[in-house]
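Per-chain numbering from 1; labels A, B, C and D assigned in written order.
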Amino acid sequence: MITEDPRHQDIHEYLAEMEDIPGTRVFTAKRARQGYHMNQFAMSLMKDENRARFKADERAYMDEWPLTEDQKLALLARDYNRCLDLGGNVYFLAKLFSTDGLPFAEAVSTMTDMEFPEYRAMMMAGGRSPEGMRSIRANEAAAAAKKEDR
Amino acid sequence: MARITAGVASSHVPLLGVASDFNKDRDDYFGPIFAGYDWTREWEKAEKPDVIILVYNDHASAFDMKIIPTFAIGCGERYKSADEGWGPRAVPDVEGHPDLAWHIAQSLVLDEFDMTIINEMDVDHGLTVPLSMMFGKPDAWPCKVVPLAVNVVTYPPPSGNRCWALGEAVRKAVESFPEDLNVQVWGTGGMSHQLQGPRAGLINKEWDNMFLDGLVGDSDHLRRIPHIEYLRETGSEGIEMVMWLVMRGALGKKTRALHRHYHVPCSNTAIGHMVLRPDNGEGLDMTGSDTVTAIAAE
Amino acid sequence: MARITAGVASSHVPLLGVASDFNKDRDDYFGPIFAGYDWTREWEKAEKPDVIILVYNDHASAFDMKIIPTFAIGCGERYKSADEGWGPRAVPDVEGHPDLAWHIAQSLVLDEFDMTIINEMDVDHGLTVPLSMMFGKPDAWPCKVVPLAVNVVTYPPPSGNRCWALGEAVRKAVESFPEDLNVQVWGTGGMSHQLQGPRAGLINKEWDNMFLDGLVGDSDHLRRIPHIEYLRETGSEGIEMVMWLVMRGALGKKTRALHRHYHVPCSNTAIGHMVLRPDNGEGLDMTGSDTVTAIAAE
Amino acid sequence: MITEDPRHQDIHEYLAEMEDIPGTRVFTAKRARQGYHMNQFAMSLMKDENRARFKADERAYMDEWPLTEDQKLALLARDYNRCLDLGGNVYFLAKLFSTDGLPFAEAVSTMTDMEFPEYRAMMMAGGRSPEGMRSIRANEAAAAAKKEDR
C-alpha cells in the first residue's frame, strides 16, 4: 500500500494513471464530456412515461437527444463496451439495463469475454483475480522482459 | 450534547434491496449475506440510535450530469425512494433531521469544507439498502437520517484524506449540537467491485480484508491510500470505499470492532460489513458478536 | 502554459446593467461611475485576455433553495442571461471554456476543494454586469468565461481564508494547463451595501478603501477578516467582498495596482473597482492609469 | 480589523454574533428554513407566465404554495421587513420587486424609516454611517454606561 500523502498530486499524472488499468474506462472529465448527452438520455429512463416511449420506438426516442450516430448505434445494439468508449457511465447506462429488465450482473457480464453462466460461476468461485490486471504498463514491461529472457 | 456512539460500514449493492423486497433474503444465495447482518440487527434494536449520518453516493438518481457536488448534505424534512429504472423501492420514506443536518452543514462550512446543501432530493439504493440491511422491513425506519452524499462517479472523487478529515469535522459538529442525541455514522459502498468493461467482476479479498483491518485501532494509514490503488486493487467501483473513511474519521483516534462480516459474491460485488465503536474513553458497551463471519470461499 | 496576467475587482450592481442596456451610462448619475471604467476598457482592448475566471455569486437565479453549493464551477459550453424578474438582459450569451474549466475543477478537487461542477445554468447580473463594465456593448463578448459561483447568500459563506486559498489553488491549476492562454481572474460584488432592513443604505468609505489598500502589495492580512466584520462595517451584503479574495489569492504573493476607482452611490451600493497585476517576477507591463479616481463626495 | 484566524470558530458563537447587528437579519439556517417556501414562491416569479398569473390574482397564486397566513399577508402588503422576519431573503424577494416594476433602491427604502426621496438623498450624500450601527450589545453597553454617568 502506498502511504505517501496523495494530496497535491499533479492532475496530469493522476489522469495518466487512470488510463493505465487494463479493461477499464475511468469516468474522467474527458469521458464525462464525450458522453454527456448519452448519459442524460439514459437518465431520462428513470421516468415511467419515458421508458414507455423509448420501448415503443427506441430510435425515435433517441433522435430527440443530441447523440452521435455512433452513440445511437451502440445503444441500440446494447454494446456496452462501445457505450463506455463513447463516454457512457455504467450508473447512467444502468437505467437502460433496468428498462430492458436485465439483471445488473448479466448486463455487466456482456462487457466481458464470458457468457453470463460462466461469469456467474466465476463470481461464485470468488471473482476475477487482480493478478495481471493491475497495470497496462507493468504488463507490457513484464512481457518485454520475458521476451528479453528468451 | 449529541454524541457519536458507533460507526457502521456496509456495502450497498442494489440486489440486496431486491432480495429484501422480494423475500429472497434467506435463500441459498442471499442467506449467507444476510446472516452476517443478523447480529447487527439485534444490536441496533438495543442501541436505538436517534439519527444516522449516512454517507453514501448517488448513482445517477438525484444528481444528473448538470450538477455534480463533491460533498452534499441533506437538510430536508424527508426523502423519497428514487425510481432507478424499475420503479421506486417499496420502502418507507426516509425522515431527515433538519435541525442536526443544518447545524452540521453550518459547522462544516466554518471548518472550511465546501459543502453543498440539499433541501429536496430522492435517495437511491446507496442510502436505502444499508437501512434494509440494518433494520429489516419495518413500517417506518426506526430513526432519522442525515444523508451525506459523496461524488464517487465523476473523477476525481474527494481524496481519502479529505474524506477522513470530513469525518473528523462531522464529529466536532455533532459534539457541539446541544440536544442529547445518539448518533451513528454509516459509511457505505464497496468493497471490491468493477461493474464495467472486460475487467468486470474483479474481487480482491486480501486487499478488502486489509482495509477492514485498517479501520480498527489507532492507525490512520488508510487515509493516505491514493485513488489509483483502490482502482487497481479492487476494481473501478471499489473507489466507493473512500466513503467508509468519512465514517472512520468521525470515530476519533481509536476504534474497536464489535462485528465483522465478509462475503463473496453478491452480484458483481464483495460484501463487507463492520460495526465499530469509538474507543477513546467514551465508555461505550464494547460487547461484540461472538463470531466473526468467516471469509466466504476460503 | 496558461498564465494569470491580471486580477480585476468590481462591484456588480444590477442597476449598472440597466444603465448600460438603456444607454444611461453617461448621464449625471451614472457618468462618474462609468468614467472610472474607461481606463480599464481601453486596457482590456490591449490585453486581449483569452479567458476570464469570473468569481461571482448567484442571486437566487440559477440556484434556488433546493440546492446551495458553496463553490460551483461552470464547465459548460455556454450560458444564457437569467431572467431575474424583468426578462433576461439583452447581452450576448456567455461562452464557456470547458477544457480549462474541467481542468481547473479536477485540479481543485485533487487539492481538496469540494467543488460542485455545473454543466448547465443561466448566469445573472453578478456575472454579466462586470462583463458590461469592462467590455461595453459588443455583439459578442471578446473572451471566454469560466464562471466560479460562491455562496454568499445562505450563511455561512466560505471564510475569507478559504476563498483566498481557493484562489491560490486556481493559480496552480491554471499554470498546469498546457495551452498558451492569457487568463484573468475577476472578483466581483461589494463593496459596502446593505439591501435589507432598517439599516439599509449603510456605506463605509474608510473600510472599503482600507480593503482596496489591502489588496495591493504582499500582505495577506485580508484573508483573516472574519465575516462578522464585513457585516458590521460594510452592511449585510458587503460580505460579497470575500469573492475578491479568490481573485487576490490567484495573483500570488505580491500585487501592484494599475487602476483604482471608488464611487458612492450606485443605487444602495458603494462602487469599487481595481485592476491588479501579479508582481512576483512575471515581467508584465505595469503601466497604470495616470489618475486614481477620487473618492466621491469627499 | 480583527486579524485573528477565524477558522474553526464555534458555530454557536458565530451565529450569536450574526444576531448582534442592529436593523439586520442575517440569512442563517433558521431563517432559510422558516422562509423556505416564501423564497421558493418569490423565485417562481422569474417565469413570465407565473408573473402574469400572480398579477391576475395574487392571493390565488400564493394559495398554491405552502405559505403561512402571516407570510401571505406580509407579501400582499409588500411589508418587506415583516417578510424578512418571516424568513424572506432579499435576493428572492427582489423577484417580487421586479414583478411590481419597483426600482430596487425604492423597494429597499421601504424597509427603512425614510421615504424614498429622503433615502435617495442620504445615498447621494454618501450613505448611512456605520457609527452606532455596528452592535446591539455595544449600543446597550454604551447606553447603560451613559445612564450610570448621570
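In the analysis below, a residue touches a chain if its C-beta (ideal position, glycine included) is under 8 Å from a C-beta of that chain, and two chains touch if they have at least 3 such contacts.
None of these values were measured; they are calculated from a predicted model.
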| item | value |
| --- | --- |
| Pair joined by more contacting C-beta pairs (C-D or B-D) | C-D |
| Subunit A-subunit B separation of Cα centroids, rounded to whole Å | 24 |
| Distance between chain centroids, defined by C-alpha means - subunit B, subunit D (Å) | 40 |
| Centre-of-Cα separation between subunit D and subunit A, whole angstrom | 50 |
| Residues of subunit A touching at least two other chains | 7, 9, 14-15, 28-29, 32, 36 |
| Two or more partner chains touched - positions in subunit C | 65-66, 106, 110, 112, 119, 154-156, 159, 161 |
| Chain contact topology (line, ring, star, complete or other) | other |
| Interchain contacts, given as pairs of chains that touch | A-B, A-C, B-C, B-D, C-D |
| In the complex, subunit C residues that touch subunit A | 75, 98, 102-103, 105-107, 110-112, 119, 173, 176 |
| Sites on subunit C touched by subunit D in the complex | 14-15, 59-61, 64-66, 82-87, 153-156, 159-161, 192, 194-205, 207, 210, 221, 224-229, 231-234, 236, 264-265, 267-268, 270, 296-297 |
| Subunit A - residues contacting subunit B, complex | 1-7, 9, 14-15, 17-18, 21-29, 32, 36, 39-40, 42-43, 45-48, 51, 80-81, 84, 89-92, 94-99, 101, 103-105, 108-109, 111-113, 119, 122-130, 133-135 |
| Subunit C-touching residues of subunit B, taken from the complex the two chains share | 65-72, 106, 109-110, 112-121, 154-159, 161-162, 165 |
| Contact footprint of subunit B on subunit D as seen in their complex | 7-12, 14-15, 28-29, 32-33, 36 |
